[in-house]
Each structure stands twice: as C-alpha cells, then as structure tokens.
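Presented sequentially are two complexes of chain A, the first with chain B as partner and the second with chain C.
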Partner chain A sequence: MSEHHITPLRTYLIIAASLLFLSGVTVWVSYIDLGSFNIVLAMFVATVKASLVAFFFMHLLWDDKKNLTMFLMSLMFFGIFVTITMLDTEFRGDLGLNPETKDPINKRAAFYDTLPLTDTHGHPVDEHSDEHHEDKDHH
Partner chain B sequence: MGHHNPDSPSHLKHYFHDVNQQYETSKFAMWAFILTEVLTFAGLFVAYIVYRSWYPDMFVDAHKLLDVNKGLMNTIVLITSSLTMALAIWAIQKNNKKLSVVMLVATFIFALVFLGIKYLEYSHKFEVGQLPGEFYSYMGPDAVHLNNPHIFFSIYFIMTGLHGLHVAIGMGLIAWLIYSTQKGNLTPEYYTPMEMIGIFWHLVDLIWIYLFPLFYLIG
Partner chain C sequence: MSNKTKQNYLNHPKGIMSWLLTLDHKRIGLMYLFSGILFFFLGGLLALVMRFELAAPGNDIISNEVYNNVYTLHGAIMIFLFIIPAIPGALGNILLPLMVGAKDVAFPRLNLASFYIYSFGALFAMYTIINGGVDTGWTFYTPYSTQSSSNVVPMTLGIFIIGFSSILTGLNFIATIHKMRIPGLTWYKLPLFVWALYGTSLVQITATPVLAITMVLLMLERFLGIGIFDPALGGDPVLYQHFFWFYSHPAVYIMILPAFGIISEIIPVHSRKKIWGYKFIAYSTLSIAFIGFLVWGHHMFTSGQSVFSQIVFSFITYFVGIPTGVKIFSWILTMYKGQVSFTPPMFYALSFLFLFTIGGLTGIFLGAVALDIHLHDTYFVVAHFHYVMQGGTIVAFLGGLHHWWPKSFGVMYNQTIANIAALGVFIGFNGTFFPQFLLGLRGMPRRYATYDEQFVELHSYSTFWSGILGISIFIAVMNLFWSFIKKNKVDPGSNPWGGMTLEWTHTSSPPHPHNFEEEPVLQHGPYDYDKVIVDKTYKK
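Let's turn to the complex of A and B:
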C-alpha cells in the first residue's frame, strides 16, 4: 500500500476553497438576469465543481484510468438516456392533439385548479373576506 | 497459489496476488457501484429536464418558494464535509489515527447539520402544503398563478429525498468507520473501507452540486 499516492494537504485545502468560492459565484450570477444563459452558466460552474470533486477528492486524477472510464461511461449513458427521452417528449405534439389520450391526463394534472386560495402560511382564506369584517373569530 | 504465504498481511484474501491488486479491485468495483448510483439519479434528472422543458415558467416561479439561504448553507456544509472526509483518509495514510477519527467525527457532524437544515425546509413545506402530487394545497398569492406547481414539488421532494437518504446511509457508514479506525482496524497499510466510503460520500456531494443550482437558483 506504500505505493498509493498521498495527495498533499495543500491540494485538498485549495480544492475546498475553490469549491466554496465557486458556490458563491454561482449564487451571485443567479441574481443577474442573463436570460437562457443563466442555466448554461450555472451548469458550467456546477460541472467545474463536480470535476474538482471527482479528480481531487475522489482521487481520479491519480487512479488507474479504468476508474475514470467507468465514471465517464455513466455520464455517457446519462446522455443517451436524456437524448432518446427528449426525442420523444419534445416532438410528441401529435399525441397531445388526440383528446382520447390527452383528456384523462389533463383532468388529473389540473386537479388543483379547484383548490381554495391560501395565505403565505398555507391557511385557507375566504375569498369574500372583505365583506365579513365582523366575524374575525369565526374559525 | 496452493498455500497461504505466512508473510502476507492478514487482510489479504487468498484469491488475490497481492494487496495492491486487492485494493485496485475493490476500488474498481466501487466505481461500478458509483455508475449504478449515477444512473439511478439520471432517471430523476431526466424527469426534471422533461418537465422543466414542458413548464419553463412554472419552474422558474415555483423555485422562488424555496429558501436559497438554506440551500447555500447546505452546500457549504456538504463541501466542508467532503474536505474533512478527504482529510480523514489523508490522516490515516500518514498514520495519524487520532486526526483521522477527529476528521470522521467532523464529517458525521456536518452530515447531521445537513439533515437538520433539510428537516427545517421540509417541515416548513409540510406546514404550508407545498407537497408532491395530490398532497399539494398551497395557493398563496405567490403561487396562485402557477401552472401545475405540484409537479415541481414532486420532483423536488423525490430528488432531495433520495439524496437525503444517501446522506443518512453515509452517516451510518461513517459511524462504522469511526468505530473501526478508533479500534485500530484501519491502518496506513489497509484503509480500503475508508477510501470506498470516501468515494461514496464525495458522490453525495457531487449530486448536491447539481441539485443546488437546479432547484434553488434557476431563472
């Protein structure tokens, strides 16, 4: 076991500091409106952070490359999963037009349309409360 | 390999040539497990991507119901716990058992803090009715215009819930590491369990690195 690479303490501290710094950066830029570029930037920063964790904390940088290969394969399969799923979900317009398939799904999906209004604490509010000032203790 | 070499260390299984082959095999198997973990979460990430592409505005508005400060706090806690986990391995490599145990205990405490903050978030959402699927009942002024917000909260609870379960399992594993290290079972010559659990713990951090911007920072 003596041949195992021992990562210097300095490296760990620098990586952790970079991760904390990048977390701050990603929060900060989320408050700037960049349109659809926001999500691209957020995912880019997340991927930089994830790479730092994988290569340094998980020791992939010094490992035999078979471990990195295994990890990259999982990401490749994820890519295939996303691509093939979205080829369906993004282009199934015709399916949505068929009332026989659409209606039962929509009926279920929109159940909350009938939900009563609540305040910010989740308690139901009377829609006509302006007209009933007298019964405050009604509940 | 007909006989057992009396000079070989006690942790070496007879079906391995040497300790290094045993160590490398364990590590490769761990990465195979990490692959299955990534693919488990991949299904949920796909659900997130599909529903976000169907309800882009609802996702942006519904995420404002989450508490960014608590999310950021948990990010900091988890990154720090990853550092202490890495330092626990570093310490055992340097034959510093005491420091290794201290670092493991710190990791355990950070994990506990993470779940504590998560508990505060969840209990608030249960209270106001920002819940998955048909349990959703929140119709406050900041949510009344949302189109199908229960879908956002279904995905939020399943993804952060499964992640939280991983944190809880990780705590159990770290508790066992504290016991083993303290007892002297893990040494600079043999610390494979700590390296494996470390990889698992960093994966938990890695997944949170994506969950945090996707739920708390979008838009």
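Let's turn to the complex of A and C:
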C-alpha cells in the first residue's frame, strides 16, 4: 500500500478559495441569458468543483490509479447516458422537418416524374410557381 | 486427519444461528441458491397459469385484470428475484473464492449483508403479491405506472432495495478478484467463470445505480407531482424508457454473462480439451459488458424516439453480435476433436449452444429498425427473450448446478434421470417457445389474455409443451435434491468430471469450512488438458 499523502494546508486553502470563487461564478452566470447554453455552463462549473473536491480533498490525485480509473469510468458512463439520450431528445420529431421526407413518399416515386404536374383537383400546374418542381423531368 | 476430512462447511459449525449469521461464502451462496430456486418455482407457476389461460381464446381461468397481474409478477419475480441474483449470488458466491484459492470473499460481512438486503427487498415483492399484485408489466412504463392504482410503489421499492444487494455483491467480487488470488494465479490463468463474474460485477456496479435513480424519480412523480415523465407537468414519458433501459439492457448482460462463464467451464472439462481462444473469450466478456451500455434504445424503436437515435442504436446493436459470435465459435472449436462425454452438465451446455444461438440471432433481427417496428410487442419478442433468458441463462444455470453439485454437496445425483430431464427441458422448451416466433410473425401481440381464432393451434401447442417443460425442470431439480436426501455420497477427494480448476484439484467435496486445508499451490492452468493428465475419480 502507498503511504498516506500529507497535503500542505496551503493547498487546501487554495482549493477552498477556488470552490468559493466558482460558486460565485455559478451565481453570476445565472443572471446572464445564454439560452440553452446556461445549463451547459452551470454543469461545467459544477463538474469542475466536484473534480477539485475529489482530487484534492478526497486525495484521488495521490491515490491508487485504479480508484481514479473508477472515477473517470463513472463520468464516462454518465456522459454516454446523457449524450445518447440527447440524440433522441434533440432530434425528436425530425421526421416532419426534413424536406427530403416531408412530402408524401409516393410523390417521389419515379412513376410520378413521367406525369404532368397537377394540383389536388387534377388541373395542370404551372411549373414556375413551385420551386419544388425544378428537379422534375418533363418531355 | 480422518476427523479433519469429515469436517466440511455443511456440518461445521452446527445450529440454525450458524447459518443465519454465517460469514462463509459457501453458506451464503447456498442461502441464495435456495431462495433463488423458491422464486424460480413461484415465477414458473405464474408462467404456467398464463399458458393454461392461453390454451384457448377467451377468459377461461382468470380475468383480464388478473392476467395483467400474473404476467407482471412472472416477469418481475423471474428477473429481479431469480435470474439477476441467482447465478452471481449462488454459484458465484460458492465458487469464486474456491476458484481463486481464497479463504473467502474480500468482505464477508458485506456478503452476508447483501443477502439480507436481497431478502428485505424480496419481502416487499411478497407484500405486493399478497396485497393484490401489480399490473404495469415488469418494465413499469410511464405514464401508466404513475397512474395505476395497483402496488407499483411496494414493488419498485423492493426492486430499489434488491439493487443495493446487487451492487454490493458486484463490489465484493471485484475486490476479491483483484486482491485475493493466490500467488501465480495471474489474470490469464483465471478460470473463465471468474472473468465472467468480473464482467458481470462491473455492469452491476455501474448500471444498477441508474435503476435506483429511475425508481426514485418514479416515486417522486407519484408522490410529489414533480414533472419528470408526465408531459402535463413538463416531463417526458420517453425519458423514463431511456432511464429504465440504460439499466435494464446492461442487466440482460448481468443475466447472460455468468451463463457464458458456466458454459466456458463445462465445455472444456467435459470435452477434456484446452479451451479454444482463452483470451478471445475473456476479452469478449468485457467487450459485451461495455457494448451492452450503448444499445439500450433498441428497446424503444416504436416509442417515438428520434429517427437519428434509432439509426445509431440499430447500428451499435449489431456490434454485440461480434463478441457473442466469438464465444459461440470458441466453444464449438473446443469440442472439436475433444473427448466429449454426454454427462448431464454437457447436455445442458449443448442445449445452451443451440438455444442461445437462436435467441441471439433473433436478437439481431430485432436490432434492425425496419423489422422491429413490425415485430415490436408481439410474441416474436417474447420468444426471443425466453430463448436468451431461459434457453440461455436458466439452461446454463441448470448445467452449472449439475456440474458443481457433487462439489458443493459431496453427493452424486442419478445421471440417467438427469439426462432424461435435460432432454425434456430441451424438447419442452422448443415446443413452448418456437411456436411463439410464428405467433409473433403472424401478429399476435404480447400481454393479451385472449386472442383471435387463427392463433388457437399455435397457442395450444405452446401450452401443451410448457407443461412438459415445467415437469422436466421439476424432475431435474428434484433429482438433485433427492441425491442429497438419499445421501448418495461421493468420496471427499473425488473429481467426477476431471476438472482442472482449484475447486476440483485442491479441496474436498464438500469443501472444508475454510476452503483449503493449506494454501493451494498452482501447478497448472485451468484448462491445460494438453499438458497434464487429470483423472476422473468418482468413488462412492
């Protein structure tokens, strides 16, 4: 077993001051409207603070590297969970917003490319009125 | 000396308190084993009630409401009270310290505590049953689970508590594997069952807290009206599924990885051949454990999650097939040109290979988004899941029980009856669940108490064979217990299958209270059948 690490009081005081400072930063940024970036910034500051506590107050920096690995793994799994869940929440409903898939599927079938364009009542439509029809091939 | 050899963990010390307060990993393992088997029978009984209800359309035996309770309890009991705790808790506890040459696990008191935490959680589950059941399905999906008037709270509380037992067992095993190995027993000389337990433990300690968080969030919403999953309160119901499956998909690997470990022990021993691709099997265990964390969304293809994440989840899901395939081919190659003996454990291992391969491959079908949208929530999923969990895990568990039974209890069961029962399990299982693939393909939805006329034939086949399956499992387990009652003892020094791991070569059957009379000295690797001759010794 490695020897017990003795941390100088100065280090503790510096870390404690940093934590207080960062708490101030958290309060300060909460008054600035950064949109959805607010939460990212708040979480970032909180993560830095938690890491300072773990590394210095809990001696993780000088401890067996296996414990550090475990700590980093827990952050990694948390990151995986949040990131992949956000692939859902941030892109939910994208089916209707994508112009490629917004039109009815049968309109894009090759068969329709050979037909003259009509409106919903079957009357011929002027091609220039709709930019969507530029790629249609009419002979 | 003769007095010393007669002393074993079963008869020393004596008295009920010596069992209830034991710190011996083998006794704790046995307590897990018996409680696990008890819940297995309870869950099995519920399964048979369902099958007999489904023998014909309409409500013949139970009402729709009771049916909802029965399938929920069947799932919850089998998963949370039997499969997840049973193999690591029972076989893992009994074998891990023996396999690494230790006197006990790293934290024996924590080990006993984790058994009592499990029991305490099980009490809540029992209360749920007595108090009228729970009808949400074992997944407790919102929004229904936040509104249902059934016993969602006691059941989820029970699962929350059992989760802690799982975490503590995982922690204990990791510490034991890191710190308690005898000198010379390096990582690549560990039996593969130990690697499997290591992978399982990693998943237990990293995934289970998320289940606890999920259950707490569910209760916060129910009691305090905090909007987490309910859209009316600003929540997101699909988020519940993300939380739940972030635990429950890795939990599938908590259930199947120990089974892989058992098969990796049974096949080389009963083929008397060195395992093929030791490092591949060991690392495939760890890679399955890791990839298992990235694929949870394949349970949610019809939940309304974004198309982008569906593509990502579907793509990553295919990766699970690679390490799993590595294992299957390694086991098959281990048997190639080996001296395969058709003992009961080997029958179960062969059944496992067949059934798990079907279960795994149909999992790849379901991993494809386009196909899953049609098959989701049909009997195809029910069949796939049971091929993996029952055909895989429970068959391997039965194989492991038969393999280590003479070691754990110093008695030998009737091998002919055991073989017949194993055959009955194999045929009964396929008869029960193969028709369910067809039912699913034809559109029979899961969790329904009744069905259209067109499904009658396949449902009645399934019900008939489920009876055979139930009887076969009952015979298999009773055959084991009968050997104990009949005291069909094996010689304490016997090694009936010719195993090479420490539990076979260095300790008596049943083992000494302190595992080894002197610290074992490692003489060979766990599967060195090409270098050392180990005799099969089996004397009455």
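The definition used in the following text is that the second predicted complex is superposed on the first by the 76 of 139 C-alpha atoms of A that agree within 3 Å, B and C clash if a C-alpha of one lies under 4 Å from a C-alpha of the other, contacts with A are read in each partner's own complex, and residues count from 1 in each chain.
The rule we apply is simple: a contact is a pair of C-beta atoms (placed from the backbone, for glycine too) under 8 Å apart; a residue touches a chain by one contact, two chains touch by 3 or more.
Keep in mind it's a predicted model, so treat the numbers as computed, not measured.
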item: Between chain B and chain C, more extensive residue contact with chain A; value: B
item: First (chain B), second (chain C), both or neither touched by A:N67; value: first
item: First (chain B), second (chain C), both or neither touched by A:F77; value: both
item: Which of chain B and chain C A:I32 touches, first, second, both or neither; value: neither
item: Chain B versus chain C as contact partner of A:M43, first or second or both or neither; value: first
item: Partner chain in contact with A:R92 - chain B first, chain C second, else both or neither; value: second
item: Which superposed partner A:V53 touches (first chain B, second chain C, both, neither); value: first
item: Residues of chain A contacting chain B in one complex and chain C in the other; value: 66, 73-74, 77, 81, 85, 89-90
item: Of chain C, residues touching chain A in the complex; value: 178, 206, 210, 236, 238-239, 242, 246, 293-294, 296-297, 304-309, 312-313
item: For the chain A and chain C complex, residues of the former touching the latter; value: 66, 73-74, 77, 80-81, 84-85, 87-95
item: Chain A residues within the chain B interface of the complex; value: 1-4, 6-7, 9, 12-13, 15-16, 19-20, 23, 26-27, 30, 38-39, 42-43, 45-46, 49-50, 53-54, 56-59, 63-64, 66-67, 70-71, 73-75, 77-78, 81-82, 85-86, 89-90, 109-112, 115-122
item: List of chain B residues in touch with chain A within their complex; value: 19-20, 23-24, 27-28, 31-32, 34-35, 38-39, 42-43, 45-46, 49-50, 53-54, 68, 72, 75-76, 79-80, 82-83, 85-87, 90, 93-94, 127-130, 134, 136-142, 144, 148-151, 188-191, 195, 198-199, 202-203, 205-206, 209-210, 212-214, 217-219
